[in-house]
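Chain naming follows the written order as A, B and C, and within any one chain the residues start at number 1.
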Amino acid sequence: MDWNSIISNSLRSGISQQAIIFALAAIGLNLHFGYTGLLNFGQVAFMAAGAYGVGITTNTLGAPLWVGIIVGMLAGVVLGLLLGLPTLRLKADYLAIVTIAVGEIIRLVVRAAVLSDTTGGSNGINGFANSFQDWNPFNNSATYGFRLFDRINLEFSGADVWELLVGWTLVLLSVFVVWRLIRSPWGRVLRSIREDEDAATALGKDVFRFKMQSLILGGSFGTLAGIFYAVQQNSVQPDNYATQQTFFALTAAILGGLATIWGPVVGAMLFWIILSFTENVLIELIDNNIMPDSIMERSQVGPVRFMLVGLTLMLLMIFRPQGIFGDKREIAIDERK
Amino acid sequence: MMGLVPSASASAQTEGESVETTLLAQTEAGGDKSPVEGVEIIVYDAVIVDRQIESTGAEVGRASSDATGYVSVALPAPGQYAVELNVDTLPAGVELVRADKQILPVEARIGQPTRVLFNLAEGDAAGAARNKTSDSVLTRGARLLFEGIIFGLIIGLCAIGLSLIYGTTGLVNFALSEQIVFGALVAYFLNSILGLNFIIAALIAFVVGGLGSAALDLGLWRPLRKRGTGLTAMMIISIGLALFLRFFFLFLFGERSRPYEQYAVQTKILFSVGPVDVLPKELIIIVVGLFLLIGTAVGLRRTKLGKAMRAVADSNDLAASTGIDVDRVVTSVWFVGGTLVTAGAVFFGLNSQINWLMGQQLLLLVFAAVTLGGLGTDFGAMVGGLVIGIFTFMATLVVAPELKNVGALLVMILILMFRPQGIFGRAERIG
Amino acid sequence: MADPLIHVENVVAGYVPGVNILNGAELILGDGELIGIIGPNGAGKSTMLKALFGLIKISDGTVWYRGDDVTGKKANFLVARGIGYVPQINNVFPSLTIRENLEMGGYLRKSGVAEMIDEVVDIFPRLGERIDQRAGSLSGGERQMLAMGRALMMEPSVLLLDEPSAGLSPVLQDQVFDRVKQVNSTGVSIIMVEQNAARCLQICDRGYVLDQGRNAYTGTGEELLHDPKVIELYLGTLAKAR
């Protein structure tokens, strides 16, 4: 068993581009569900809106990358409006189902062959964000970082350092925005809506407008996640925007603790550390013939780690819905009906 | 970087799998076909559900057609692939007759070439060929209607299951998708692995599916209700359960789609109604499906247990105060719901094939059916299922098949906007 | 002395742990009696009925039924032992027909359901006219009748009624009180919670005044009706005017 590589792979995953994407998506879900009590199960729709916004604008329409990024963000806002108008007055169950459905509609449409001139169909859109690496101030052929205790490899290529730097800066900015807003009067209204919508209405608050603002803002963090994903991969693939991404991000948010500022970020990091650790340990067990093939083959490692995600989500909700940092009284899950 | 979507993985390398085709183009309407040279074919890993490409993965290989129009791409292993015709390499004037048939799903067989067919034509001939497909629109419509009814019965069975459980417990059960897969897998295990006759396997699966569902209630949901766990929390728990089971089924079963034995190759036409050919398996689905749906509706209205289920759905507390043992009734509902869902699942597998994604694929349509009909009403779920089933199939008359679910989901959203209680739901008077 | 039919002794109960709504409530129901529970809104009257009927957890005290300790027994057990309960709100199954509602009332009966429906329809003729319509289509008064009729289906020895006259017009209220009296005269003992305190005390044998989860006053209906303290605090100006 190569523990050095297991540990360094796990740690690297915890700060990887994937962790950034999940952290951003989870920050948005936390604003929705944690602070406002909105059950958005279609965060992946916002991610897809951002990713395809950039991809289509730059690749298909030939605009520069920065224009694409702006268009991507706007696409997320428009999606939020379209999603919120019909659903925000409905019961929570319906919002959940409609948001999932919209996510799936977007995925099915962008991967359709009839639209492949615009969206690339099932091939997606590739190679539109080269200028992102052009802006990279680091040397791509050099490595940065260090080896912890001479064993744990924490060295990264210049391209990685650039992506991680941009990504984590976005995460920190997002956390800052949420932190300021939640302490503001606006944030207090959101929380009062979560606690008791009717009481908030009775106090003269236009609940629909606040919910809409929360949906759009939280969705924008998802949009940002999608844009970062697309630009960093230099590619948009329709099947990366499947329904379960939202649930993975939700698991990360709950793991860290809903209705807390740092919960979603820590949750996303831990989510990937656990996933990567499990994967690496299992692969080592199989490769060293400790785990016999009759029980598990290498191709079955993927399913096992996602089983673990499902189990984590279940056990968290049953035994510790407030996650690591949360406060049980702040979790809006037991008030319904 | 770890992929987020598990990709098709080739296990053992077997000799001789390939995809092949001969590209011939119709030169004039009704005339001969001539070979097309230098056209590129690209093969990708793919997940295929219900003869549709669910997702594509990495490229496996590509090749161009020779002077006879023949082209072949070697495959690493048997399994599911997507074959694309690169339209940019078509010679001027030659086009695909159906633009939506540019990428074809392939289930590659072990150790032998698997053929695919691309329909090519030149200029005017292409138009004529297209008309040939469109002037039979009535015929196609009739066939699609028939297939839609069958699919609608399948959706309807699952929708009643979901709706009964929602009605009595208030739980939006996302794990229903995996109850679907579970039921289909039990029947597969009995039929294809133990070799039982399909009908017997299906009947046993119905019972096992019901028992599994009741066991979930006893082992998970009832204790949670006793702890006072909220409905939103339970909904999220059902999502966790769904993820866990989904990947567990993938772990057990792998990514490949598989048919049931006996009925897998049965394509002998039983009888024809106008342009619609009825296969034996289709007749089974219609007869048994209708029997179960009508039986459920009658049972809910005529039997003591059925009435108790409706009473519990109206109010748990009130039902308890008339002497009904609410816990027992709820567990019975889980059993009945699980049985109906399993029936839908087995029929779905019979109609196409079973795989680990089928539950997820059906779930949103089931939600759409239930929403359309009105949450908690059995009759509504049934009609909602039929409407959604027929709508998805008929939609392919005007949109590409890969978009057929989009229409159904849009209809659901529209209904929610204008009639949130569904078509058959009633806004009750209170007090 | 023979055991009373029901004896609620020093009961402490509530909905959420740590928050007690009843703080040592007492109540005795003798055979054939009609007693009333009155008190201000939120006093815990409904909670008292729910506690004694096993719908909420009792943390201290005892409920006796015919000399047996039935504290914490589930509702379906008490129904089988002869206690019927009509809740204050949502007291019919709206999506079931009137006949089905009555059948549910006789859920634990082994036989005689059809005969019993006939008997109930004799008491509430209005129900007979609409027997196959959905209960959701009934008016408030009709629902009260149906709810009471459903509770009678088990031929209970005790009937618990939670504000049967709430929300009804004065004429309908009179009808409800007449029916309650009529049912009581057939030998069914009744505990009735009422907002319309004066009207309730007029027909009750005895009354309890509940305040903040405790018994404030007890006496015969007549005594309470004329007790200046009770008039001052609970019956209000309406009663004084009478």
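For this structure, a couple of remarks:
One rule holds in what follows: contacts are C-beta pairs under 8 Å (C-beta built on N, C-alpha and C of every residue); 3 or more make two chains touch, one makes a residue touch a chain.
What you see is a predicted model, and the numbers here were worked out from it, not measured in a lab.
When C-beta pairs in contact are tallied for each pair of chains, A-B comes out on top. Comparing each chain's Cα centroid with the centroid of every protein Cα atom identifies chain B as the most central. Taking each chain's centre as the mean of its C-alpha atoms, chain B lies 52 Å from chain C. Averaged C-alpha coordinates give centres for chain A and chain B that are 28 Å from one another.
Annotation: 55 Å between the Cα-based centres of chain A and chain C.
The residues of chain A never reach two or more other chains; the list is empty.
Chain C contributes residues 53, 55, 74-76, 79-80, 85, 87, 89-96, 100, 103-105, 107-108, 136-137, 140, 150, 154, 167 to its touches with chain B in the complex. By the touch criterion stated above, chain A contacts chain B in their complex at residues 13, 16-18, 39, 86-87, 90-94, 96-98, 100-102, 104-105, 108-109, 111-114, 116, 121-123, 239-240, 242-245, 247-248, 250-251, 254, 275-276, 279, 297, 299-300, 302-304, 306-307, 309-318, 321, 332-337. Of all residues in chain B, those touching chain C in their complex are 304, 307-308, 310-311, 313-315, 317-325, 426, 428-431. The touching residues of chain B, when paired with chain A in their complex, are 1-2, 4-6, 9, 11, 44, 53, 55-56, 82, 99-100, 102-103, 170, 172, 224, 228-233, 235-237, 239-248, 250-251, 254, 360, 364, 367-368, 371, 375, 400, 402-403, 405-406, 409-410, 412-413, 416-417, 420.
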